[in-house]
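Here come two complexes built around chain A, the first alongside chain B, the second alongside chain C.
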Partner chain A sequence: MIQLQDISVQDRPELYQPPRRDVLRLPVIGRILKHRRGRLVFQVPLLLLALLLIYDGFTGPRLASQNLATVSVWVHYRGFVILALLLFGNLFCMGCPFTIPRTIALRLSRSGRRWPRVLRNKWLAVGFFVGFLFIYEWWDLWAVPAATAWLIIAYFVGAFALEVFFAESPFCKYVCPLGTFNFVASTASPTQITVRDHETCRTCPGKECVKGQPYVLGCGTELFPPTVRSNLDCILCLDCARACPYDNVALAIRTPGRELTDANAWPRRWDVSFLVMVFAFAAVSNAFGMVPPFYELQAGLAASFGIRSEAILLLLIFVTLNLALPGAAGLLAARLSQLLSGKREPMRVSFCRFAPAFIPVAFAIWLAHYGFHFATGALTLIPVMQNFLLDHGLSWLGTEPNWMLGPLVPGNWILPIQTIIVLAGFAGSLFVGRRIGERDYESPAAGIRAMLPWLVVFLGLALAALAMFNLPMEMRGTINMGG
Partner chain B sequence: MSIRITRLLISASLALAILVVLNHVTSSHGYGTPQRLNEATGPYVLSIWTDPAPLREDETHVVVAVIDPATQELIVSDVAVTVRMQSLDNPEQSYVQVAGPDNTNRLLFAAEFNDQVSSGRWQVGVSAAGSAGQGEEVTFEVEIEPSRGLNWLWIGAGGMAVLLIVWLGSSMHSKPSRKAGA
Partner chain C sequence: MARIAIILVLVIASLTSCRQSIQTNQPVDGYQVSFEVDPATPIVGESRVVITILDESGNPVDNARVEIRGDMAHAGMVPVLATAEGRGSGHYDAAFEWTMAGDWVVMVSATLPDGRTIEREFPITVQSR
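Let's look at the complex of A and B:
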């Protein structure tokens, strides 16, 4: 159980900025969000959808492009997630249906064990995130409806089991690959939890926002609102707002990505910075898995090393691209940054300094990639739903699925839009990097010199992404056939 | 200073966006335009897409799925898919290819006619033959446009070069924060 003495409001008023615009003060939306059962408004529909996807995954068409499980998860869910993160914030963690049984488990385990100290970092999250991408590719999750259904079940079981045994929310904070993705991406989002009056929190005796009240849980990931400077680890459950007896918690509208240039927002920790770099490199490698050179690389490796196992080949590629490469690039850039700027400091500090500048370009690459699948396949949901209903004797949406539906926008818009997105992300990384340089170095020249090695990495990521988007990309889950 | 730089970056991004929007250039993704879906022909069911949209002289791909009507499974072996393209403006101009595995989805067949076809209206014919038998040719018409003049990779790279120059120029004249050295 978290103790009162574990929590303190830093007596640094200069770090605090009262919110100018607060979503929780909006007339209708604010009331819904703060309502005791407000989260269920989002969770229950998604829970029902998850159950429907499990059902169709096991009993529906075996062709992925005709099954609700594969189409909804791999085309629509990913598209909506990235758009929600761009336009609002971590809405999908807020509405996560896996946490409904988790909430029951959490109540059961209030006196349970604390998550082991050795695992209280992002190393495990990095492992699960890369592991998830590996399994997605290895098991062809996008192509196998039943596998997608099993994945959803595994999520429910995993979230419930961990919350039963541990007193906090380790599943969200340290394990969930989707949550990890959302945490990192939400650092660029335009909303953030904060408080209206700093003094109220400083003098608050109960700290209910973290400890909870009899009718509502406190923050599952144990964030204390007045000290929140970043969206990292915030699942936007708003339990803090519901539990606060002073109605002092705010969901502030901020400049997107404001925290990226805030020296006090991110801990200078190896695990957090490495996670951000993995997030950036995985944006490229995940798209790489869908273009022809990936298959050529696989074939080349198989021929060169005589490896026949697809799992080993994929493991080799994924470990190299998602772990070894970001690690090596980060360490090399950090060392060169030290040498070029002449600043003597621990390697950890150099490694972490420019990590936030990865976010804009990485977010842009994910957006361009998932946006491509969404734009090319969003309307596929209509014939798939028509087919589902017809299979169950219902002709509410017509008597014949319209398999010609699929793209949301004309095909010749896609690549120009992707190019603009990647360029905007690259410009964002330059901007964040420059602000960090200005903040941490004595002269502009020193800041530029320090950033140059990182700039090469950003440039490489953006160019690699553009090169891939110019190649034929597999339209997973979007091509309809048969009937 | 930061406001000026922000304006510069926004201006550069806007200029690129305008450039992008003004040029209606195609993508070379595996973006498929459905031409014939679930067409029963002999012992097979064919679904056919063309890619990209619109088709151009330097990028004309025909993607074919061969489906077993009994099991609804894709057939990937023991079947040969032939794609024929004939110009309707000049009927003497005709090309025939045996489709190979698609680059991006190995369960599909694809034939590429890049730099072979000329702009204008064409008839495409697709047929499948294998141990199960021979299907009749499925035909449809497409419009092919002239080659695109721009390469988006180069446009993107050029955009990055512009951004870098703007960034370098503005950064050199920026002032360090009073808290520098943190």
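Let's look at the complex of A and C:
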């Protein structure tokens, strides 16, 4: 457990702004959120849903399009998550059902160890995030209900095991690929944890928000609210608000993405910045997996190198697109940025400076991709649910599934909407980059010169995404139903 | 905790037992059902599908009600449904539109004149135009 002497509030009031609007002060919502069991209001329904998906994943139809597990997870979960991140914040982590057994695990882990120092960074998270995307393609998770059910079980087991062995929440902070996605994307969200009165925290003797109280847990990821400048690592569990004896924690409504231009919000660390770049390139590569050129590339690589194993081919593509390419593009842009601006500084600083500016364009590409699946398939849940109930002798939703239900919007609306989203994301990256340039360079001209190489990368990502969204979708790798 | 686990197991067991799709139907063995697409390499768009049904002795089966359902292998797509017309000699055909390139699973359900039902699954890969 973190020690009291490890927590302090630095006397830098210039960094602190009291929240003007606080979700926790809203009449009904605020009371529910701050209630001792307030998180369970979100977690219990999601837990029941997870159990239902596991059940149907194993016993329901083998076809993904008829099974609750695959439809809910790969169409609805992803759509809702990205919309929630855009409109509110990290709601999925807030209601995460995988951490419900946390209390039991914490009891078992009283003598648990601290997470190894060498792993206290985002390198592991980068690995698990890319690994998750790789397994998604390799095992055709979207097409195999039982595999989706196993994935949900693996999440429960993984979260519980790490809580048992380590006396903190390393699963959320360092391992969980979904959490990693949500952490990075939530930096663009319009809410953030902060405190109402900075001085109250400075003089607080117990720091219960982090250490917890006998019946209320403290922050699982060990964030100290008065020092929070970013949503990175915040699972929005609100345990800090429940544990605070002074009711001093606030869930502030802020300008979306405000932290992206805040010099004090983000650490200039290789791992964090690289994670953001991977998040951006993975947005493109994940969409790339759905269009014909992806299969042509696979076939071309197989023919050129004589590789027959799909796993090796995918690994080659994923390592190149999700790790090598962002690394190379980031280093090259950082070096060119140094040369163009004439600023002498460590490569790490140049590499990290414009990393927050990746977020808007990356978020937009993920939104356009997941929004596509949601917009084209949201209503398929209705016949799947009807079929599920009828299969159990229940005709609550009708006596015949209406399989013709599917899209939310006409098909010809999708591409214009995607184009607007991606262009807005690119404009957002341009705005953030410009602000960073103005902030960190002695003249506006130097700031623009420093940003130019990064701008090329943002433009490349946006154009690649638009090119893919213009191509017809194609889904393969599933002909044997994952067998 | 143990009590919750026991309740959970009982709930799942009772749910599973009342799941109608798990109840075993009397299988119709020995019938041959073939599925052909015109053009032979299906591409996105309209096509014609031909189903042929033969009984255990290899005799054509006419007057069956033949329904076709095409699902993409991934979730979130509206299936394509069609009813095939009988053309004699055990042949049935229908217009069928492949709405996206990629892997499909086509389920052919034939209700025989005696009321028995045959179901066969055909994996199909559709090429983009």
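One rule holds for everything that comes next: the second predicted complex is superposed on the first by the 470 of 483 C-alpha atoms of A that agree within 3 Å, B and C clash if a C-alpha of one lies under 4 Å from a C-alpha of the other, contacts with A are read in each partner's own complex, and residues count from 1 in each chain.
Following the convention adopted for this analysis, contacts are C-beta pairs under 8 Å (C-beta built on N, C-alpha and C of every residue); 3 or more make two chains touch, one makes a residue touch a chain.
Here the structure is a predicted model, which is why all the values come from computation and not from measurement.
Annotation: superposed three-chain arrangement on chain A; chain B versus chain C shows a clash. Contacts of A:Gly393 after superposition on the shared chain: chain C is touched, whereas chain B is not.
Measured by the number of chain A residues touched, the leading partner among chain B and chain C is B. In the superposed model, A:Ala283 makes contact with neither chain B nor chain C. In the superposed pair of complexes, A:Thr376 makes contact with chain B and with chain C alike. In the superposition on chain A, contact is made by A:Trp74 with chain C only, not with chain B.
After overlaying the two complexes on the shared chain, residue contacts for A:Gly406 are found with chain B and with chain C alike. Residue contacts after overlaying the shared chain place A:Leu86 against neither chain B nor chain C. After overlaying the two complexes on the shared chain, residue contacts for A:Pro61 are found with chain B and with chain C alike. After overlaying the two complexes on the shared chain, residue contacts for A:Pro292 are found with chain B and with chain C alike.
After overlaying the two complexes on the shared chain, residue contacts for A:Ala263 are found with chain B alone; chain C is out of touch.
In summary, superposing the two complexes on chain A brings one listed stretch of chain B into steric overlap with chain C, and the stretch in question is 61-69; the others among 7-15, 61-69, 115-123 or 151-159 show no clashing C-alpha atoms. In the three-chain superposition model, chain A touches both chain B and chain C at residues 61, 63, 292, 376, 403-404, 406-407, 472-475, 479-481. By the touch criterion stated above, chain A contacts chain B in their complex at residues 61-63, 263, 290-292, 295, 372, 376, 403-404, 406-407, 410-412, 414-417, 419-420, 422-424, 426-427, 430-431, 434-435, 437-445, 447-448, 455, 459, 462-463, 466-467, 469-475, 479-483. For chain C in complex with chain A, the touching residues are 1, 8, 12, 15-16, 18-22, 44, 69, 71-79, 81, 100-103, 105, 123, 125, 128-129.
On chain B, the positions that touch chain A within their shared complex are 2, 5-6, 9, 12-13, 16-17, 20-21, 23-34, 37-38, 45, 47, 49, 51-54, 61, 65, 67, 72-74, 103-106, 108, 151-153, 155-157, 159-160, 163-164, 167-168, 170-177, 179-182.
Residue ranges of chain A in contact with chain C, taken from their complex: 51, 55, 59-61, 63-67, 70-71, 74-75, 104, 140, 142-143, 292, 373, 376-377, 380, 390-393, 403-407, 472-481.
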